[in-house]
C-alpha cells in the first residue's frame, strides 16, 4: 500500500508551509530515512524524510503554500503501484485546494527610498543554475566576474570558482616549505584513517569529561600463569598473550561494574548488556580497534583465538565494519608495543565511558612485608568519563582489577 | 428599353480590358514575375461588365479569389492592380494582399477574398449599413457555384431576405468548383431555384451574354434600391484557364474547351455591336490597341515600382 | 534493415494508403481529393482509383460538413480522415473544432473519436494571409485535440500512421514547403510507426537547446552548422507532436545546455514557443543559465509580397542572432 | 543536559558553515552533545532560498570594493548582513529532545535574545509577522534556521556594536522600509562583545535548560 507524504505540523503552529523543494523527481526511487522534501515556514527550513522506501509520486508542485495535513505526495512501494497512483485524479483534487504561494511580500517599489531604487538598478546578475551551484559550494559571488551577456554570472563561472577552491584546499593540505618560521621536513595530510583518528580523539576529548587513574600492578602471579598457559600452547591450540588475559580479566570485572560498561547518549546513560571489548591495535597508518564481542561469555582460549584473528585481519586490512564497531570498553596494551615502565593517558573511544591502558612489565624494586624485593611491575592508566561515574567508582574498579591480577587463581576456577 | 451607345462601348471596353489584363497576367505569372498564385477571370468578362454597368461608384461589391474582372469593372486601375500582383509598394494593398485580396473601399470594392463564400455575409453587412444610414446604395455579391454549398450561403442569403437588404447575389456558375463539377456538388440543375427557398426572385441567365446580364442585374439593382430586398442571379459561364495557374485541368475535355471558346463573350458582343452599328471594326480595333497600351503601361508601372521596405510588414496591423 | 528514399508527399500518401488497406473503417473526406488532383498538392494521388469514391469521398466546398460529418462518423464506428485543405480554412468549421471535437469528454468518455484532420500549414509561397498560417498555439489551446507537425518524410509517415490509429481527434499539419520539396529521407521498406508525444533530437549539441517546429527544424539545422563554425554547439530538438508535448526530452536537453531558444513560425504572442518557454521556466528553472529566447514571427497577419513575407518568417539569421545574444 | 560552547572569534562564513554541517551530522548520530557556536563574521551578505537579489542594493563591484562577501545559503529568510561587532550564534540543537517543535525552538531563541537585551535595559519584542527581535520597529537580531533530521543549524545574529551604515547595502530581510539597530546604538555607548556573550550564555542555558560547557574553539577551528 502506498504511503502518503503529509505537510507536517512543525509543532504548535498551524500556519501553512511553503513547499520549497522535492529532493527526488516524479517517479524516482526514494530511500527510507532520506530527505525527500524541504518545506519552509517563517524563517525555518525543514527537511522531511521518507517513511518508507519506494517510488515518489508528486502531488503538489514546488513553490506553493500548502495547509498543514495536505497530502503533498505519495510513496509507492512498487513500480506497478506507482503507475496506479500516478493515474489517480487525486492530483487535481489537491492542486485545487492549494493556492499559489503569495508573490513578493516586499512593500511596493514607490515606498522604497529613491536612493535604494537607484542602486537596485545595478542589481547583480546571476543565472538560476549558477545561483544553485554557488549555494551548493558556498562560493562568494562577489569574487566572481560574470562572463555571461551583460556580465551575468553563469554556470561556467561558478564551476571555475569551484575548481579553484578545490586546488586551494589541496594546497592547504600540502604545507609550505617553511611554516610559521619552522622548516617542514614532510607533511602528512590528514586523510583517511589518520583523519578519522584525529577527529575521533579530538571529539572524544571535546565531548566528555575525561579523567585518568594510574597505578601499578604486581604481575608475579600473572607472569607465572601466563608461562604455564604458554607451555600448554599445544593443548590449548593457541598461544595466550597478556592482551588475551587482560581482555579476560576486564570482561569479568565489567560484569561486576556495569556502570563502567556504559555510554552517555542524549543525557541518558545506557548501561550495556553486552560486554564487547575493543582491543587497540597499532598499524602502519595508525590505530584501529577491533572488538571482541560478548567477551564475558567467552573462555580465555576463545578470547585468545578471537583476538589473534582480529589482529591478523587488522594488519591485512580485512576487518569488516561489524568487527570494529559496537565496543563497550577498550583495552590498549601499550606494553605490547615495547612500552616500558611509564605512565601516560589514553583517550576514551567514544561513545564508551572508559578505557584501560597497560604499560610494559618491568622488574622494579618494591616493598613487601618491610623488605625491598624485586617484582615484575606493570603500570596501568584507566581513563573514564566523569559525566558517567565518579572517581570513587574508577578507583574501586581498578582496585578489583589489581587484586584479581595479583592473585589470579580464581580466574581459572 | 434602349441602352445608350456610350454605355455599350464602355461595357465592351471593360470586357477587353479584363481579357487583356488576364492574358498578360497569365504570361507574367508563367514568366515568374508574379509570386503566389492567381485565378484568372478570362471567359467570364460579360458578367462583371454587365453587372457593374448598373452600379454607381458608391455602390458596393464583394469579390472572390477570381476577382480581377470584378475590380476592373467596378473601376479598379489596372496599373495599381498589376503592382499589387507584383507585390509592389504602389499596389492597391501596398503588397500586403496580392491577387486574392485586392481591395479599394473608396470605389466600393470591399475586396477579393480567398475564402470561398466569405463575401456573402459581408455584402449583407454593407447592405445593412446602407439601409441603416438611409442611403440607397446597393451591394453586389459575386460568388461562384462552389460558394453556394458553403454554410454561409444559407445564413447570408436568408438573413438578407428577411431584412429585405439591398443585395444582389451574382452566382458565376463556371461549372467547376476547382475540379468538382457543379452537377456532382449539387442535386439541382439551376442554382437560381434555391431563391425560392428564401422567398426572393431567382433568375438564370447566359453569363456570356453581357446584355442579358446587364438587363437582369439592372432589374435586381432597381428592386434593391427601392428597398424590396435581395435577388439571386445565376450566370452560366466558363473559364478559359484552370482553377489557378498551374492547374493541369485533367478534369476538362478538349471538346469542353472548344465549346467554351465558341461561347467567348467578347467576339460575340463585338459582332452584336457591329450589327447594331454602334462599334465598327476600326473603332473596335482601336479600343484593343488602346487597352494593349494601357496594360503595357500597367506592367511597366508594376515592374518599375519599388518593393515595400521589409519593416512595412509591421505597419497597418492596427489603425 | 532494407531502406528506401521517399519524399514528404509520398510519405503522406503511403501512410494513408497502408492504413486504408489495413483498416476498412478508414475513409478520407474532403475537397478535390478525387482522381483529378488527389489533393491540391497531389499527396493523395492514386488513392481514389485504388479505393474508389466510397472511401475517398470528394465533397463540395463545405468545411463545416466535412469536419462535422467526420465527427459523426468517428463517433459511430468509422475512422475518418478529414482533409481540411489549408488549416486557414479551419475557421470555417470553427465550431466543430472548438465545441464538437470534445464529445468524448463531454459525454463522460462514452464515445471515442478516432478522427484525423489533415491540413496544410505555413508561409513561404506568397499565398498571403488566408493560406499561410501555422496556428500551432491556437490549436494547442484547443483541449481534446492532439497536434502533430512533422519536419521530415520519415517522421511524417510514422506519425501519420499513429495519428490515424489514435482513438482521439488528431490534427496532422503538413507544411506546404515540405510537401512541395523534392528532398527525400531514408525510410525502412517495412512498415513502421512513430508514437505521438515523442520528440526527436535532430542534432546533438552542448551549448544551446533549440526547439524548432516543422519547417523551422531545417532552418535551425542550417543555422547550427554556421554556429558550429563560431564554436557554438547547438542541440536541435524537434517535438514532432505539440500535443502531447514531450516535456522530458526538452527539459533533459536544457539541463545539459542550460540555454533554450524556441524557433516557431507563427506570431510570438501565445504561440507554441510561448507555451514551451513557460513550461521550461516552470519545470526546469534551476537549470537555466540564460533567459529563454523565442524566435517567432512578428504579431501581424501574414503579408503577400515576397519581401515582406521573408521578413515575417523566422530565418537562420534571426536564430543565430538570438543564440549569440545569450552566449 | 550538556551543551558545548565554542568561541570561534572572527571566522569566514563558509568555514563556519562547513563546521556546522559536520557538527550537525555528528549530532544526528549522537556522537556529540548539543553545541553552540559563538562567532563573528567578516562583512558578508547572505541570501536565503526565498531571498531575492533585488534586495541587495549594491552592485557586485561596490561589494567587492567594500570587501563584502555574498553567499546564497540553505536557510530560511531573505537577505541578511553580517559584520564584526555582531554576535552570531549557531546552535546545533537536537529537537528530538524538545518535542520536535521548530516554532517553539524559534520562539525560545527569540526569548534568549530578548532576555539578554533586557539585562542591558533594552526593551525588545517579537514581530508576529516576522521572525527576529525588534526594538522600536528596528531589527536588532536577525534569525534564520535550517532543521535537518530534527537537528538545527544556522541561528541568529545580534547587533552589539555593529557598523549600521553597512546595512544600507541591503533591504533588511527583504523590506525596503525596515532599519537595523544595535545595542551600542541604542545605549549610545560601546558595549563589549564579552559582556553580551556572558549574558547571552546565561540565558541560553536557562531557556534551553542546558548545562553549558566550554569546548576548545582553537581545536574546533583547526577542523576547517
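When the chains are written out, they are named A, B, C and D in that same order, and each has its own residue count from 1.
In this section, a contact is a pair of C-beta atoms (placed from the backbone, for glycine too) under 8 Å apart; a residue touches a chain by one contact, two chains touch by 3 or more.
Being a predicted model, the structure only gives us computed values, none of them experimental.
*Asks:* Which chains lie in contact with each of chain A and chain B?
*Replies:* Chains in contact with chain A as well as chain B: C.
*Asks:* For everything except chain A, show me which chains still form connected clusters by touching.
*Replies:* Leave chain A aside; others group as B, C | D.
*Asks:* Could you quickly compare B-C and A-D and let me know which has more C-beta contacts?
*Replies:* A-D
*Asks:* Taking each chain's centre as the mean position of its Cα atoms, how many Å separate chain B from chain C?
*Replies:* 36
*Asks:* Nearest whole angstrom, what separates the Cα centre of chain B from the Cα centre of chain D?
*Replies:* The answer is 85 Å.
*Asks:* Distance-wise, how many Å sit between the C-alpha centres of chain C and chain D, to the nearest whole number?
*Replies:* Centres of chain C and chain D (C-alpha means) sit 58 Å apart.
*Asks:* Averaged over CA atoms, how far is the centre of chain A from the centre of chain D? Could you give it in whole Å?
*Replies:* 26
*Asks:* Would you please write down the residue numbers of chain C that are in contact with two or more other chains?
*Replies:* As it turns out, chain C has no residue touching two or more other chains.
*Asks:* Out of chain D, which residues touch more than one other chain, so two or more?
*Replies:* Residue numbers touching two or more other chains: none in chain D.
*Asks:* Can you list the chain B residues in contact with two or more other chains?
*Replies:* none
*Asks:* For this assembly, give the contact graph shape among line, ring, star, complete and other.
*Replies:* Contact pattern: an open line, chains touching in sequence.
*Asks:* Touching pairs of chains, all of them, please.
*Replies:* Touch list across chains, by label: A-C, A-D, B-C.
*Asks:* Name, in rising order, each residue of chain D that touches chain A in their complex.
*Replies:* Chain D residues touching chain A: 1-2, 4, 13-14, 17-18, 26, 30-33, 48-50, 52-60, 62-64, 68-77, 94, 96-97, 99-106, 131-132, 143-149, 168, 171, 174-177, 215-216, 219-220, 223.
*Asks:* Write out the stretch or stretches of chain C touching chain B in their complex.
*Replies:* Contact set of chain C toward chain B: 31-32, 34, 36-37, 40, 58, 60-65, 88-89, 91-92, 125-131, 298-301, 303-308, 310-312.
*Asks:* Sort out for me which residues of chain B touch chain C in the complex.
*Replies:* 35-37, 87-88, 93, 95-98, 100-101, 113-117, 146-147, 149-151, 177-180, 184-186, 250-251, 307-314, 317
*Asks:* Which residues of chain C touch chain A in the complex?
*Replies:* Going by the criterion above, the answer is residues 258, 285-290, 325-327.
*Asks:* Report the residues of chain A in contact with chain D in the complex, numbered from low to high.
*Replies:* Touching chain D from chain A are residues 10-13, 18, 20-21, 35, 40-47, 49, 104-107, 111-113, 116, 119-120, 122-124, 126, 131-132, 134-135, 138-143, 146, 151, 199, 202-203, 205-207, 265-267, 350-351, 387.
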